[in-house]
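Below you'll find a set of structures to go through.
What follows is a pair of complexes built around chain A, which joins chain B in one and chain C in the other.
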Partner chain A sequence: MGLLLDSHRRRALARLLLRLNTPLCVVSYLAGVFWFLGLAFSPLTQNTYISENAMGSTMVEEQFEGGEHALNFARDFTAQRRKTGSLPVAWLERTMRSVGLEVYSQSFSRTLPFPDETHERYMVSGTNVYGILRAPRAASTESLVLVVPSSPETLNAQAVGLLLSLAAYFRSQIYWAKDIIFLVTEHDLLGTEAWLEAYHDVNITGMQSSALQGRAGAIQAAVALELNSDVVTSLDVAVEGLNGQLPNLDLLNLFHAFCQKEALLCTLQGKLQHSDWASLGGSLHGLQTLMLMVLRQASGRPHGPHGLFLRYHVEAITLRGINSFRQYKYDMTAVGKTLEGMFRKLNNLLERLHQSYFFYLLPSLSRFVSIGLYMPAIGFLLFIPGLKALELWVKLNKADFGPEEQLGPNHSLVQPFGQDARGVALTPLVAPVLISQATGLALYLLPVMGQHVAAQHFPVAEAEAVVLTLLAIYVAGLALPHSTHRVVSSTPRGPDSGWMALKLVALLYLAIQLGCISLFNFSLGFLLAVTMVPAAALTQPSGPRFLYAVLLVLVSPGATLLGSLFLWRELQEAPLTLAEGWQLFLSALAQGVLDHHLYGALLFPLLSLGLYPCWLLFWNVLFWK
Partner chain B sequence: MAMAAPLVLHLLLALLLGLGGQSRAEPERDSLREELVLTPLPSGDVSATFQFRTRWDSELQREGVSHYRLFPKVLGQLISKYSVQELHLSLTQGFWRTRFWGQPFLQAPAGAELWVWFQNSVADVDKSWKELSNILSGIFCASLNFIDSTNTVTPTASFKPLGLANGTNHHFLRYAVLPREVVCTENLTPWKKLLPCSSKAGLSVLLKAERLFHTSYHSQAVHIRPVCRDAHCVSVSWELRQTLTVVFDAYTTGQGKKDWSLFRMFSRTITEACPLASQSYVYVDISRNGQENESLEVSPPPTSTYQAVILGDRKTYAVYDLLNLATFSGSRSLNLQLKWRQLQDIGYIHYQPAQDRLRPHLLEMLIQLPANSVTKVSIQFERALLKWTEYTPDPNHGFYVSPSVLSALVPNLVGAKPANWEESPLFSTMFPTSDSSSYFVRLYTEPLLVNLPTPDFSMPYNVICLTCTVVAVCYGSFYNLLTRTFHLEEPKRSRLVRWLANIIRRIRGVPPV
Partner chain C sequence: MGRVDLAVIFYGTSTYAWGTRVQDRCVKAAEVTQDIVLGLSARTLACHLLRLGCFTTPLHALFWCSQDCLPDEVASQRLQPKDASCSLPPPGCLLELPSPMECIGHGGEQWPESDGAEEEEKEAELIGVWPASVCSEFKGRPLMAAGSPDQGHHRTILKVPPFPRPDSGYAQGGLTTGCASKSPGSLSRCLAYLTSFPSPSVWQDQAEQLFKSGHTNNWAVLVCTSRFWFNYRHVANTLSVYRSVKRLGIPDSHIVLMLADDMACNPRNPKPATVFSHKNMELNVYGDDVEVDYRSYEVTVENFLRVLTGRVPPSAPRSKRLLSDDRSNVLIYMTGHGGNGFLKFQDSEEITNVELADAFEQMWQKRRYHEMLFIIDTCQGASMYERFYSPNVMALASSQVGEDSLSHQPDLAIGVHLMDRYTFYVLEFLEEIHPASQANMNDLFQVCPKSLCVSTPGHRTDLFQRNPQNVLITDFFGSVRKVELTTETVSLKPDLSSMGYSHLKCHEDEELAEPLSYAAQLPVAQIIHQKPKPKEWHPPGGFILGLWALILMVFFKTYGIKHMKYVF
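Up next is the complex of A and B:
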């Protein structure tokens, strides 16, 4: 800092900064990208380990033998489900009561903001059924949850059967110190959301539901189970929750430990672990898994019912039984033993899971990258807007003086703000900033508010109307008048000062937004930074403007979403054709808006109110003249 | 002087005789009644409630009581030393599930609960309360010494004296709950030692720790209060009630059957009454309410039955008198068995806000509930950071909020004739009722576990160092840069330097300065 107090040195520093700016930016960008790609390689990843002492090794042997029992329950459930046409509430209540649980049910209803075409639902009403196994001699202050979502398209009958069979087995054991809640929800995530809101007595999404009659204290951990076949070949685990929240790494480690103990095949992002981690192939495989996780986390959607628990500081994961064409199959007993083991370990917890990491990336089930190691990647990227902004600031402050040599010795670089003609004039920027923000607000509000008007005047359904309005406003934002500043700015200050000031503001705005986003959702922050930052740094109203325009359009938030969809399917080894991709893009837009209204996902407001207006500012810079 | 010595001796003798005569004329009577109530609960579980009542016709408050027979000396001394009017202590593990088990005779909150009424003569109530809780902590091996001003309240409406009282000035009342207290054998042993027969004879032989702590609910309590000595109520007697309630999980112990027997529950049978007891009864609830399709059978057949209105319901009890030798006829021991065959308007609000680290919040409401209605009382709160030394060793477990208390006067559905208070069984006379048209219940809710914001304790040192560095380095410099204005000044060079510079410039061919 002493360096900056001396104006001679400061001038030298500014000169150096101007000369080296472009190479520094290039180096910084490359460093960021390569650091990220290097995350899957061995010095940056560590082996996972269980930190929580209470879940350390015990000499317990799992004794669950109710696999056949579970399948009987599943068959009955399917038959009852077919008979009643919806969740067989009465049968579930009767069965849960017969295995010795305290049984309650909760009804809920929700009218979606517009029809959900993917799940084919609009006005939803359903019932959740749950049974509480009361721990003897405990005052119901803590509990664990096993949740099975059931909806018309995915019945999860085997999961319900296993849940009932586990409940019967758990009821006969005496070692429980926490109450266990066995929950069957209807309409998958909607039911889970309704139950969680009622359990914590809050209403954040406009869900209408009856109050819960039975409670069991603070929920310590939850496991969601999805099984749709009598036998499984592998278990897939999902960790990404709402807004990219992740459960404590110990919960995942616990699952992994029991995978190994029961010799189950366990996958992450649908990918098995590579046999040889140290080899190049293994690392590339890890990188693929890691990229899949980044894409899923960036989407901010709850990838399973567990995702909604995370908002209430309840550590949770979702286990999915996969039945593929592999030779060796596992029966319900093996899955049940895994769950029994996990619950008995969770039962031992003295405190909430807090010992291990909450922020991590996973190249495989047995390895992780901690927050300290992945944050430099985004740090390098966010360095670029900072450098560019500094360059603009220096340029703006001596824009009026022409060549550097003529600068008199009696003039300093910094003058008190606003006293002189030099410095940044903010008035011309008011109009573009306001217009951009207003466009963003329209993008956020109009599609849902105007769906009925759109559906009346055009031959489209409401869901289509929402998506098309969204796209229309998005594209219309590009055609907004870019010459407002000329009317407002009356004082001529040199040819370039206007756009430079705007770009300076836009760069700072972008850097602050990306910095904040990457703090709570690294994946989203990184994806946006790696695309938007170079285009933002290059944009200026001179030079190859057509090239810049194309580049800017390609990195706009919408285009990034489209690109991510293609990348995601490519990594899953199920590439999309262009038409499929477009269809998927449209449905992803609708789902994004729905997720915001139904569960409070923040991606849609973030993009429409924050990043899209910021991007429009750069568009403004490009067409300044 | 020679005359004076015998005189003094005579006086002394007379004094001694007088004292002796007085005590012989008015013997201090004490009595012990013990009873056990076995209630099959609607859920199929079985609850067992032991009550031991020691009554002592003596003025304990008066100094000089030194001879104790049945009344435990340790408690008697406590009462006289601290001028205790009433004392209620309960140690509970588990939670009474009213929805499935029906109404309890006497519920208690999870953990330890202590409430004491002091006499009007006590000058410093808080000091006495502190000392009393510390002594009780020693007597019952419980962590009652953690009771301090931060968890003590003075309720104004819900806790009235249960015994004789001159006034109900609530300044002499103290109430505290420790929800985290765990009850174990070490608390049961001192409790049993207070019994006149200890665990040697009578009902207390059933109190085997190994079985009692294998239950779903365990609550033991000590209640001390003054009561009327007789119907005229001119003098006061002291009453000590020791109660113990356990609920046996019939499902796990009975392989899904609801049948039970004394031996299966306690792994003991009763062989005799406590020789010191004047009354010793076992009651079994054999009333059938709401379970028409089932009937039950007790063996051996009871000597008599007792019918009464308890907690608003007409109940029938099978009675076994242990002092009656016919009860033990046939065998030397009694093993009871039971077999089943194929059951708004708020009038008063008292709110005392908390002071940080000094006293907790207290909210009392008197509400008239309409029939068949649901009433919800909710309290908004904010989570705050504690001071860093105030976190417990396991802060991520959460912090307990004491259970709330619901005291109610419930109207009786069935009419009952007023029973003689002294004659009726102990379980029906815990709470004094003014008339028979209503009965009193007190219910507790579950304790609440709340998560407070918790810093990451693994790296406080790093955080402190980093924060201090950032503040020290950046704040000063930025402040400096932002508040100063800078002007360039021509450096004043000395004549020698200028001369040298001019020489160099001349050599370079540049005009001199």
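Up next is the complex of A and C:
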């Protein structure tokens, strides 16, 4: 504090800050970006390891031999499904009961806020069927879940077959210490959401569902299975859940350990592990995988039924069977043995999985970056708004008591630094901030509320109406500076103090938002920071304003989403053409809004209520008069 | 037969002493299996021996037992049906053993310890010979060379070291509960007179070997401090030691078994009611009868220390007490997760090596042990015994400070490691031990070399007064009673045998020729301030310097300085 109270030193510090501000910002930005790119390289990644003692190693004698059995079940299921046209509830109940489970079903229905064109559904009703295998020698206080989502477009018949076959096998074992719930949900995530809400007796998304008749204690872990072929060449694992939540790393480690034990081919983000990690190629491959994970995590969507379990603090992953053109295929028995091994180890758990990391990034299945190592990247980026804000603050104050400084050190000593209202005039900022927030609110509310009005007045369907309204409001926001200027009274202070104050507030607002976001979803925070921060730092109503305007538009949240889509497909080695990209963009917008309403994804409200108004403030700064 | 040449006096828990001694030498021949003997009182044992034809009837041995010390529930259950024909006098009477009892003395060297067909043959032969020819010959060798009737004038008394004073306040660990503590004066005291002892000089040599221990009873405290299924191996460790000490003769009443978790009944156990120590279900250490004294949440540091120091609440049952005295050899085995200087109890508390050392010192000061063997199987186990300072403690550990103790026997079917390496090899070693084994502590020290254990097992013997080489494994792991031999003559009335069963002989201390006293135990201070070990001798530095100078001089004299370049 002595440093700050001493006016001479304070002035020296302020001068230093002003002089070094730009280089510091540049260095900080580069450091942040390179730190992030360096995450895939060896000093920043560590080998994964199972921390949970209770699970220990892969010491299990897998005896599951019901692969053929599973395929028979799958064929029956497909036939029944074709016959009934929806999930064959009666057949499932009968079959589950015949293998010795305690069987229950749950019906649910949900009307979507607007028609989902991707899945072609609007008024959804379905039934979940689940069977409980009671642990023969333990109290029913804990349980594990094996869930298979089934929907009209992805039947997952083989997964259902394997589930039934595993249930029959598990039933004959005596070593279960937790109940095991075998769950088949209809309408994939919707069914899972309905079941989870009913199981935990909450209703957070407006789902109508019947109450569950049977329970099996607190769910300790869940594995979701998606198989659509009789044989698989590899298993892909999805970890990213709702709002970028991740399961405990131990669950993934467990899967990886059994992959290696069973010599299965296992992929992450659809990418095989590079054989030589230490080489440059291996690290670049890891970086690619890591970028894919960042993009998927940033989207905040549940990438599989497991994503919904995470909200209830149930560690879960989704396994997807991939059947590609590789020569070597694995049958259902191999997949079943992997699941058997995992369930036996999960059965040994004594507490919830908590020993390993909850926040991590994965450059490959066998390596991870812990939160302590990736957070500096965003730290460097968030340093920039702080620096810029400080610079503005110093400038604003200097402009005011510039003449006073000549009065001598004694006088300036009593000048409370930063307390003086003369430093920043806040009243002129109220209007732009309020108007920006109001625009954000409109962006959040109007598309869904006004879809019917829009559909009546324009020749579009409801789903299109929502997306187009969204875009319209978004673009209309660009005209905001013209409307705000009328409200803003003339600034009595220096010519620059108005926009400086606005930018100061906007910078702090941005820094706080990004900081908060990056705490619970690093990927989203980083993606937004790496795009918005430099533009925000550069923006000012003088200089090459057109260039700034283009830059600012390019880094707006919507444009970032578009860019991310292109980057994502590029990394997946399936590049998009512009038209495809646009189509994908539109459907992503619709899905984002739907995810928010159906599952409670936070990305849409965050962008519309937080970052978009913030961005509008910068837009205001740019066109300040 | 009219003379009584040999008397054996047994005190207290001597039933076991009797049982095991006899079992070594004689009962083994009579095919009395161990587990039968171990459950018996002296009376039922005699009865059993009688039925087996080990003695001729009427018995010529003298038995004297007090009534209340006979654990007859177990024994009678097993022997009742057959016992109908056995008409033994009531307890407290004299029985006279026939001369074959000298086989007791000769057994150790005469019967080879190999097992198999040969031994069975001998045994069968012996049984055949036994009643008739009074064991004067065995396989052609004269057993009784010195013991022929006209030479048998030597009289010998075999006696065990006495109990502590009855007023010392220590309850004696009797065979059955509620006996000794109620009436310390009428402790189970059995007396057998054996006749026709051959040659005391032979005996004395053996006696040197036999009587060096000086304890009268054995106790074991076996502790597993870990809960949870994945610590299965710690329970198996403890149970394997339990199995061994029980097999070697320490009864459940003398074992305080503390198990923090119940692996046999864990729902995760694919083989319920078993705890295996070997892969492929080769050895079930859970066995049929495990008596756990402290279980699950009772296994705490406090309870452990209370057991050791004897500060248990008055309500604690006898099975939860360590009722040892200053003639007790105590085995303490611990296993769990530990670190440098501590051992975790149940993931919630720790015992430090200082606390443990202080507890042992308290035990010493309270005369709760005669000698103690401490074994610990945990990571950095050696750190647990490095603070000990009480005398007569020998300590073993599975690993040195800074080393981990490793697990062994991963079993896929059960899904856990079944045992820790150190205890696994200790168990393998103990399985080879039988009550008459002469294996000593040095053998135990070498049980698990680094090549097998991966860690380096450590041991500490500086507090121990005897050479580990002279300490039998069974001094701690078994309940093999040692007796002292005197050559003093005791004159007994020659008409003892004619008195038959009806004679009731109550021996008091007049039989003992010399006053009994405690074996001198070392004062604590002397142990604490032990002299440092003398350093190894080295030749003085000057001598070595001179030697080198001489070598150099000879070198230069021989080759001269100009040849140096060829040297280097």
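Quick notes
What we mean here is this: the second predicted complex is superposed on the first by the 590 of 625 C-alpha atoms of A that agree within 3 Å, B and C clash if a C-alpha of one lies under 4 Å from a C-alpha of the other, contacts with A are read in each partner's own complex, and residues count from 1 in each chain.
Keep this in mind: a residue touches a chain if its C-beta (ideal position, glycine included) is under 8 Å from a C-beta of that chain, and two chains touch if they have at least 3 such contacts.
Everything numeric in this text was worked out from a predicted model, so none of it was measured.
By the document's definition of touching, neither partner reaches A:K329: not chain B, not chain C. Once the two complexes are laid over each other on the shared chain, residue contacts for A:V60 go to chain C alone; chain B is not touched. Of the two partner chains, chain B is the only one touched by A:D201; chain C is not.
By the touch criterion defined above, A:Y175 reaches chain C but does not reach chain B. In the superposed model, A:E102 lies in contact with chain B only, and not with chain C. Between chain B and chain C, B touches the greater number of residues of chain A. Contacts of A:T141 after superposition: chain B is touched, whereas chain C is not reached. In the superposed model, A:L350 makes contact with both chain B and chain C. Of the two partner chains placed by the overlay, only chain B lies in contact with A:G217; chain C stays clear of it.
The contact surfaces that chain B and chain C form on chain A in the two complexes overlap at residues 136-138, 174, 350. Residues of chain B touching chain A in their complex: 93-95, 97, 100, 110-111, 179, 213, 215-218, 249, 251-252, 374, 376, 378, 394-398, 400, 446-451, 454, 473, 477-478, 480-481, 484-488, 490.
Remark: chain C residues 228-230, 265-270, 272, 410-413, 415-417 touch chain A in the complex.
In the complex of the two chains, the chain A residues touching chain C come out as 53-54, 56-57, 59-61, 135-138, 173-177, 344, 347-348, 350. Touching chain B in their complex are the following residues of chain A: 1-2, 4-5, 7, 100, 102, 134, 136-142, 171-172, 174, 201, 211, 215, 217-218, 313, 350-352, 354, 409-412, 414, 416.
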